[in-house]
Each structure stands twice: as structure tokens, then as C-alpha cells.
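Each of the two complexes below includes chain A, the first together with chain B, the second together with chain C.
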Partner chain A sequence: MVRGSATRRWLGTAGFYALAVLFMLPTAFVFYWMLTLSLKPQVEATAFPPSFVRFTVTLAGYREVFTKYPFVLYTWNSLVVATGCTLLGLVVGLPAAYSIARWRQQRLAVVILVARIIPGIAYLIPWYIFFRSLRMVDTYGALILTHLIVGLPIIIWVMISFFEDVPADLADAALIDGCSHFGVFWRIALPLVKPGVVATAILSFVFSWNNFLFSVILAGRSTRTLPIAVYTMISYEEINWGTLAAAATLITLPVLLVALLAQRHIVTGLTFGAVKQ
Partner chain B sequence: MRSSFTHRHAPWLFPAPAVALVAVIIVYPIAYTGWMSLHEWFASSLARPRFIGLGNYARILLGDPRFREAVVRTIYFTVLAVAAETVLGVAMALLFNREFWGRGLLRTLAILPMVATPTAIALVFVMMYHPTLGVANYLLTVVGLSGFRWTYSSQTALYAIAVVDVWQWTPLIMLIALAGLASLPREPYEAAHLDGASTWQAFWHITLPLLRPTIVVAILFRAIDALKTFDVIFVMTQGGPANATETINLLLFNQAFSYFNMGYASSMAVALFALVMGASLILIKARRTAAW
Partner chain C sequence: MTARPLTRRRFLQAMTAGAAAGPFVFTPARAQGFNWKRFQGKELFLLLTKHPFIDVLEKNIPEFESLSGMKVKWETLPEIQARQKLTVEMTANSGGIDAFFTSLHVEKKRFWKAGWYHPLNKFLDDKTLTSPDFDWNDFTPGARAGVTQPDGSISALAAFVDANVVFYRKDLFAAKSASPPKTLADLEPLVQKLHAPPATYGIVLRGLKNANATQYPSILFPMGGTYLKDGKAALDSKEQVAALELYTKLLRQYAPPGVVNFNWYECSASFMQSQVAIYMDGVNFASQFEDAAKSKVVGKVGYAVLPSGPGGHFSPIYITGMAVSTQSRSKEAAYLFAQWATNKANMVRELMAGVGVGRTSTWDSADVKAKPKMPADWYQAYQASLKIGRQGLPEIVGVTEYRDIIGVAIQKGIEGAPAAQVLAQAQKEFQDLLNRTES
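And now, the complex of A and B:
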């Protein structure tokens, strides 16, 4: 009897892990396939039936990405835009989030929320007309400003939920001691929400790095970012799958690694603080 | 020393830079798009915008079958993808709502598709979907099924793209549902257990009703973004083949940036916004009204 129930428990556990693997296999497989394709020589990348485990490992795809395309420039562009967007977003967004949390400025919060709902393309048409007449298409400024449309609302909303956790008594006590509001924000609130700032910065960086819609129109030859570069590679009828997979890996690996640092806050960021983990 | 002026006005000085920035990068362009939607203007010509009132709206609503098809397609794609994500995501959350070895690994793995660059993911799927060389069809033949033409056929293209969306976003619903499950009270289950309720009854009468607000939030966020899907479709099919994947976003992008028909495209942008807003309001109402 006892042995029977032990067997059943063991079967239950085995069944659970079998289901778990079944559910998570597609997630893992796409990344595995991207990585292995990028390491295969062309003959094996397009071989049918494809090889899953045994293949010749080569870095030819990666070499080609850097020699045939100005990939260093694209990476630099992506870095500049994502960093610029994140820094500007933090400088402007942190005091706003603090203020919304401390003085309960709900109307401001709603405006920011609506900005999240509006389709990006509704911003793109005026921005394109605007930047074209200012001759600002293909500048970092145009990209950073438009990426902020996505980045700033995320920074503000996620930071509101962090600032709300700062005890109001702490701020009041400091005010009585003669501290200015800015002093309270800078010396008391900000140090307390430092983990939140790091997570938010990472989120904003990732969103800017991944942005395609704004960059495909507003980036030109000299400011082309990585997602656009990959897109143009497909349109050039690049048939070397190893090269394409290498480019895909190079683009997405940095964000995957960076995102792992903030993984507890990713869902909070994606749901605008509606779901806290 | 604190100056009394800045001290008294801190509540609006703090958000002032953000408000100014939001006004410039968000409010102004939206107003401009609304205004532009009342004009006929080709950005490629030298002619100035011509005011035509609601002419563009009359055209998209009554005279443009391609737009109507795009609206239906957008809604169909969203319902299809989000429904699949919800069922799968909630099922996975119920499965994983326990202590087990590898929980951290699962969470990490679930995060990855959501943050991966959509363009790169689309590119990988383009290669996997290749009708003769792709691994997708190979795997289908291994289990005894015949292959598809995926994004290469107008009959399957929209579904093939929905699969990418499901692959990317099911983990989000799972993680949201897991957070919801973790916050459920224990008492109803204990009471149900004492009353001799089965696991299935407990799920149907306790878990699901209690979890419903959380699921609605998850659906809300997914629906908003699925209606606006652009990157993956643009990279994989550009709306083809034979317009089979031309959603509102794709149609409007081409009107604006291939034909430079800015007024007409603006009216479509307003229509898309109305659709997203309408869906959000319905879902928010659904969350509030029912007695959960």
C-alpha cells in the first residue's frame, strides 16, 4: 500500500516534468535553433533533413556579418540611441514619478497611461513630417526623442510603484528638519528606490534597443540601428542562413543578458505596474 | 537654505520637465494626426494640405474595401492569438503553481521571448518556416504530418504569424496568472475540501472566478499590443502574400510611407486608435461589472 502510493507520487512527478518540458520546449528550441544555425556552415544550415546536434562549428557567419556589413556602426548606433533615451528618460521621468506618487497626481498618471495605449504609428506620421522639414531625419536626436515615446511612460509608471513604497513619514521628518523637497527626493527617496531605477533603466534600454517602427522611418544610412540592419539584410536576399542567424543572435543576445539582470521586474514593466512579482 | 518659491511649488516643478516633454513628443503629434486626418495631402507633392473635413473617414468606412478587410483581419488575428495565449498561459500557470526543482530556470526561460528583439525572432521564424528547407516542416514530417507553406501561402500566413505571437507572449500571460495564483486566499479551498469538493470543482468554482480579474488584466495588455502588431508582420510578410497578413497597421504604414498619402493614413491611425481604445474600455468594463 505504502509502496503503491510512493510509485504513484513518483509517476506524478515524472508526469509533471514531462509536461513542463513539453510546454517549455518550443521556447527554448527557437533560441537553440538561432544559435546553432549561426554556428553552422552554409551547406549544413540549409541541409535537409537538418542536423540538430552534430554539425561543424564555424564562426564564418559572424565573420561575414562584420566584414560584409558595417555592423560595428549599427551596434554603436543602437547603443547611443538606447543609452541616450534611457538617460534622458530617467532625468525627466524620475522627478515626475516621485511627484505623482507623493502628491497623488492621478490625472498626470492617466495621460501617461493613454500614451501607452495609442498606436506608435499615430506618432510616427507627424514626427516624420516634422523631422523631414527640420532636416533631422537620420540623426540621433530624432531617434532618441521618438524612442522616448515608448521609454518615458514605462519609466514613469514603473517608478511610481517604487516611489509609493517609500514611507511618507520619512519625507515629512526630513522636511521638518529643513530639507528641501529636492533634497528629500535626491538624498532620501532616490537611494531607497535604487534597485527600481536599475530595473527601469534596463527595461527602457531594452525597449529602445528593440524598437523597429520608429527607426525604420527615421534612421538613415548613418544612424541605422541593429533591428533595421537585420531587416535590410533580408531584403537584400541574403541567402546565407548562417550569416542571418549570426546577425539575429548578435542583436538579441545583449538584451537577453541584460534583461536577466532585471528579470523580476520585467513583468511589472510590461504590465505597467499592474502586476507586481 | 531652501527657497520658499521652489518649496511651495515643488508639486508642479518636479513633473514640469516630463510634462513639457510629453506635450512635445506625445500630445502635439497626436493632435497633429487628428488635424491631418481632416486633410488631403501627399507628402511627396508640393501642393499644400487641402481641408476636406470628414472626407477621409467617409472613404475608409464606406469606400475602401481593403481597409474593411484589414480591420476584420486585425481583429481576427488578435482574437485568435490572444485566445490561444490565454488558454495556454493559464494552463501553464496552473501546472507550474507549486514548488518544484527548476522554478527559477522556468521563470528565466519565460522572460526570454518577451524581451528578445522581435525583428531577430521574426528572422529566425522566416528560416524555420521555409517550405522546403525549414525545420518546422521537417518536425511535422517526423510526427507523420504533411508540411505547410506557412508564411509563403496566403491561406496559412496569418496563422503562421499568430504562432510567432503566441510563442512570444504566452509566457507573459503565464507569469501574470502565476502572480495571481500566488495571491489567492487559502480559506475557500480548505472549506471546499471539508465539503468534499473535487479538484475540478474547486478549480471551476473557486480558482477561476478568483483569478478572472487577473486574467482580464493579462488579456487587456495582450489585446492592446496584438492589435498594434507591426514588427513581426513587416519583417516576415510585409502584409502579403496577396494581402493575407495586411492588418490596419501594415496598410496604414504603406499608405503613409510608400504612397505618402498622409491625410488618409492619419484617418486610419485615428481609426486604429479608436479600435484599441474601444477594446481597452470593453475589457476594463468587463473587469469592473461582473460580481467577482
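And now, the complex of A and C:
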């Protein structure tokens, strides 16, 4: 009996991992292919049948990324914009989410969501005219503000459910003890939802990091962000696969690192909001 | 809507303004003569496109700055993104762009109707604005036609001229003692002779809808077909049927599997991976074929002009140019840049880098002959193609829509549908499109 259940448990575990590998394979393969492509010379990148494992390794793609393109500048631009967008989003979004959750301002929440539902391209021309007249085209400010249209609704909507889970009794108790509403938010609610803040911050950071459309129109040569940089490797009747894949790998890396480091927070963050007492 | 209809009032206004301004504008200018430094101290902003022509040009922009005393700022984006940006800037009426690189084969008539191209005719005639050695007539007739609108206004200065040619594998041809096709009638027997799958497929041409529309005229024009007849759609003519039959039959029988979804990328990759004997496409691909890091067929590729046919001898050409924006606040200064970018010296540099241009004099330049980057038959095929160049796509507003319409017909043809039937459908859709957009 004992042995039988041990075997079953072992089989169960094996089955679990087999399934996990099966589901992960398509995702992992994309990364594998990107990584190998970045190390291949062009003539092998387009070879048919494709070479999956054995190929000549070259670092030419990476060398080209750094020598032919101001890649460091682009990375810096992306970092500034994504960080700025996330911080500003948190400063504005956290109190907003708290207020919506605490006083049940559902309509306000819907209005904010609508801003996210409208396709981004609809904003472009008004924004362009607006920023142009403020002489803000090709500045970090314009990019950060426009990326907020993507980041802010996410922050608010995810955080609403976190704040809803903070027991109202705690807030009432604090108010009776003489704490202000802002004090309740700052000293009581916020520390309780910290994992959620981390999770939403990462999401917002990634959305800004990957945003292409707004940056293409509103950024100039000095504020161009990474996703646009990848596109500039596609020329007329020519695609430079090695360089493209090298740049893509380098762009994915920071996001991947941030996500791995903060993984624990993301997981607790995502489940915390779902559990009700 | 037509572009800026000339009303009686506007005509009279222009007349009075011209009469009043004439003496003051022209007298000092005539005394002055041409001078690169005329707009010294001005600042220009250019919107450029990622393109081999621009890769070469960008390196020399500092030279223009010191020549003109102007400061040039520019941005280079991939073609589609550049078009998005231009559309936003123009719609917003920002005036932020002075000159831009334009793909005339896609946007010529659309941008003209929108009024985004500043007509360059007066600038070209003005001896104080155009350098004496610029020589407009040095551009090939095809290149000049490509930048000129139906009303005679010149929308851009022709920069890069892409022509369709035949790429063929010299080694495979030698083994079968074959020579490049002279006429359309030679084409199929030749392809059949070289077809030895799976090692070698006879031919590859673009099969994917929209993309295939730029290669189709390589067969259509010599067959005698045209897109329009007296302003009406002409996709169901017997020449069209014959052309589509040949194009699709070649691909159905002698091309690599899956060709129905091949864009230029799959076509050129299969050719560079040594899988195909004949490939017909834009001459610009050659620089990749001759690069050992990208191609397995370096030194094995022959270049020839397209075959002729019962309708004549043509090469479909696609032109990009440097245009001056109507919204620019310094149009004349922007014109100086466009003029410099397409002058003889810069065009020679382009040609030396293997980028084709539509200026006759450059092809005989001593510099190009002394240091050819490409094989001799490439220069010959290219030059011969420019002489028989004809705009490869219909010059209408809805170019993209047309490309989809004919593209779907070609795809259906490759899959086996009768040419007459798919073209009847395409004819109807094309005429609808013309009714909607051209009136």
C-alpha cells in the first residue's frame, strides 16, 4: 500500500512536470530561437532546413547593435520613460484606486477603463498637435505622459481589488483614533497592499517598455526608445536578422531580470487580490 | 475631390500678386546667381526612410551643412512608420518637416491630392535656385515621368530607381548550356529545363497577395497588358489573361512549395540558399546576393534584362524621391537640400555603393567604372532596364487597394482557378475602386 501510493505520487509528480514542460515548450522555443538567431550569421539564419542546434556562432549581431546604433542611448531613454511612467502612475493611481475602492466610485472606474479601451491611435493626432504647441515633441515629458494612458488604468484597476480587500473596520478604527483619510491610506492601507503595488508597477513598466506607437510619433532622435530601435534594422528589401535578434534579446533581458527578481511579489500579488475572507 | 481647384478668383489673385511682386523678387535675384550659401543659418528638418539610398546619403549630410551653411536635423524611420509619422505631422499641419523621402510608387497620387508635395517646377526653372550643373534632363525619361503628376507638376526629385531584372544561376545555366530568356516564349521551356526538385526549383516569383503586384508587370507589360485603358479598368483584357496564366503557371509548376505565400523575403532567401535557378525581382537585391555573409550563391549569379514579348520590351520601375513639404516654412532652402541629395556627385556615390539611380550621366562616370562594387552584367542589366523603364504600378490614389485586388487574383490563379474568371472579379473590384477614388 505504502509503496503503491509512493509510486502513484511519483507518477503524479512526473506527469505534472511532463505537462509543465509540454506547455512551456512553445514559449521557451521562441526564446531559444531568438537567442540562436542572434548568434547566427545571416546565411545560416535563412537556411532551409533550419539549423536548430549546430551552427556557426558569431557575435557580429551584438557588435553591430552597439557600433552601428546608439543602443545605450535608446536603452537609457526607455529606462527613463518606463520608470517615469511607472512612478507617476503610482503617485496618481494609488490614491485614485484607494478612493474608488473605499467609496465605491464605480462610474469613475469605468470612465478610466474607457480611456484604455479606445485604440491608442485615436489619441495620436490630438496629442501631436497638443505637444507640438507646447514644444514638447521629442521630450521625455511627452512620452511619459502619453504612456500613462496605458499604464494608469492598469495600475488603478488592479489596485482597486487590492484596496477592496483591506477591511473597512481597520480604516474606521484609525479614523476614530484621529487619523485623516490620507493618513489611513498612507499608514494603513498602503503597507497592506505592498505586494500588489510591486506587481502593478512591473506590469506598468513592461507596458511602457514595449510601447511602440506613441514613441514612433512623439519621440525624436534624442528620445527614441528601444522598440523603435529594433524596427530601424528592417530596411528596404532587406532584414538584418542577426542584429534584429541580438537587439531583441538585449531588450528582453532587463524586463526578464526585473520579472524574475520580483517574481515572488507578482505571484502573491496576483493571488492576494483574489482571496476574500 | 481634386487638388486645389483653380477658381477664377484664385487665378486673378495669383495674377495680381505675381504682377505686384514680380519686379521686386526677380530683379535682385537675377543679379545674384546661384549660391549654395543663400539660406545660410537656416535649420532644416528631414523625415527620411530606412533605405540603402539613405544609408549612403546620411553619411554625407555634414558635407551639405558646410556647403550651405545650414543646420540639418533629420530622423530615419522604417518606411511604414515614416509614413505614419508624416501623416500625423501633415494632418496636424505642423510645418515641422521641410523635406521628406517619398516612395512615389505607393504614395505619389495620394500625397499629391492631399497637397503635401510642394510643386518644384518653378524652383527648377529658377536659375538662382537651381545649380547650373544640376541638369534635370540627365534623369532618365522613366525617372522624370515617375516624379511628374498628371497636371505637369513635379512632386519630387528622383532618387533611387528600382527596376525589375532577371537573376539567374550562371553555374546551373552552364551545366544545361542555357542562356537567359530573350522573349516570354523562351521563359517556360527554359524554366522547365532547369527545374530539378527538390535540389533546384525552376523559378521563384512573389506569390503573396499585394507583394506579387510589383512582379506581375514583368510578365504583363511585355504581354501587351496595361492597368487602365482610357481611364477605365483594364484587368480583363486578353493580354491580362495571358499574362496571369503564364505568371501563375510558372509558380504552380516550377516554384518551391508554398510559393503562394512568398513575399520578397522568402523569394530572395530561397534564391540565396541556392534553391532556385531563376528569380525576377528588384535589381537592388543583388547587393545581398553578392555578400558572402548572407548568400550561398556569391559569384554564381548572372544579371539580365527582362524578356521582351508581343507587347514590347519593358522593365517595371519603382521610384523614390526627395520631396519638399508644402507646409515647410523654408521651402526654397529645403529644395536646395533635395537638389543636393540628387545631384550628380551624390548619385555617383550611390551607384558606387551599389544603389541604382535614374541619372544617365552617372552610369558612364569614371569613378564607377574604376571601382565597380557589383559585377559588370549587373550594371549592364540595370542600365538597359532603365532605358525601357515604365512605372510598375498604376498611378492612382488607391495603389494599396489595387495591389490587394490583383494580388488575390494571382493567388487564386496559383491555386488553380482559371485566369479569365479571377480577372473578371478583379476587374469589377478595380473599376469600383476607381469610381470611388479617382473621380
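Assume the second predicted complex is superposed on the first by the 219 of 277 C-alpha atoms of A that agree within 3 Å, B and C clash if a C-alpha of one lies under 4 Å from a C-alpha of the other, contacts with A are read in each partner's own complex, and residues count from 1 in each chain.
Everything that follows uses one rule, which is that a contact is a pair of C-beta atoms (placed from the backbone, for glycine too) under 8 Å apart; a residue touches a chain by one contact, two chains touch by 3 or more.
Fair warning: this is a prediction, and the values are worked out from it, not measured in the lab.
Residue contacts after overlaying the shared chain place A:148 against chain B, while chain C stays out of touching range. Once chain A of one complex is fitted onto chain A of the other, the partner contacts of A:41 are limited to chain C, with no touch recorded for chain B. When the two structures are aligned on the shared chain, A:32 is found in touch with neither chain B nor chain C. Shared-chain residue A:220: touches chain C; no touch with chain B. In the superposition on chain A, A:23 makes contact with chain B only, not with chain C. Residue by residue along chain A, chain B and chain C are tallied for touches, and B comes out ahead. By the document's definition of touching, of the two partners only chain B reaches A:98; chain C does not.
Of the two partner chains placed by superposition, only chain B is touched by A:181; chain C is not.
Once the two complexes are overlaid on the shared chain, A:10 sits clear of chain B and of chain C alike.
The interface of chain A with chain B overlaps its interface with chain C at residues 46, 48, 124-125, 128-129, 132, 216-217, 228, 231, 234. The touching residues of chain A, counted against chain B in their complex, run 16-17, 19-20, 23-24, 26-28, 30-31, 33-34, 37, 46, 48-50, 91-93, 95-96, 98-100, 103, 105, 108, 111-112, 115-130, 132, 145-146, 148-149, 152, 156, 178-183, 185, 206, 209-210, 212-213, 216-217, 226-228, 230-231, 234, 241, 244-245, 247-249, 251-252, 255-256, 259-260, 263, 266-267, 270-272, 274-277.
Interface residues of chain A, counted against chain C in their complex, comprise 41-43, 46-48, 60, 124-125, 128-129, 132, 137, 216-217, 220-221, 228, 231-232, 234-239. Listed in rising order, the residues of chain B touching chain A in the complex are 2, 6-7, 10-12, 14-15, 17-19, 21-22, 25-30, 32-33, 36, 43, 88, 92, 95-96, 100, 102, 106-121, 123-128, 132-133, 135, 138, 167, 171-172, 175-176, 179-180, 214, 217-218, 221, 224, 227-228, 230-231, 234-235, 249, 252-253, 256-257, 262, 265-266, 269-270, 272-273, 276-277, 280. Here chain C touches chain A in the complex through residues 49-52, 55, 73-79, 81, 84-85, 88-89, 91-92, 94, 96, 264-265, 268-270, 272-273, 275, 282, 284-285, 288, 292-296, going by the rule given at the top.
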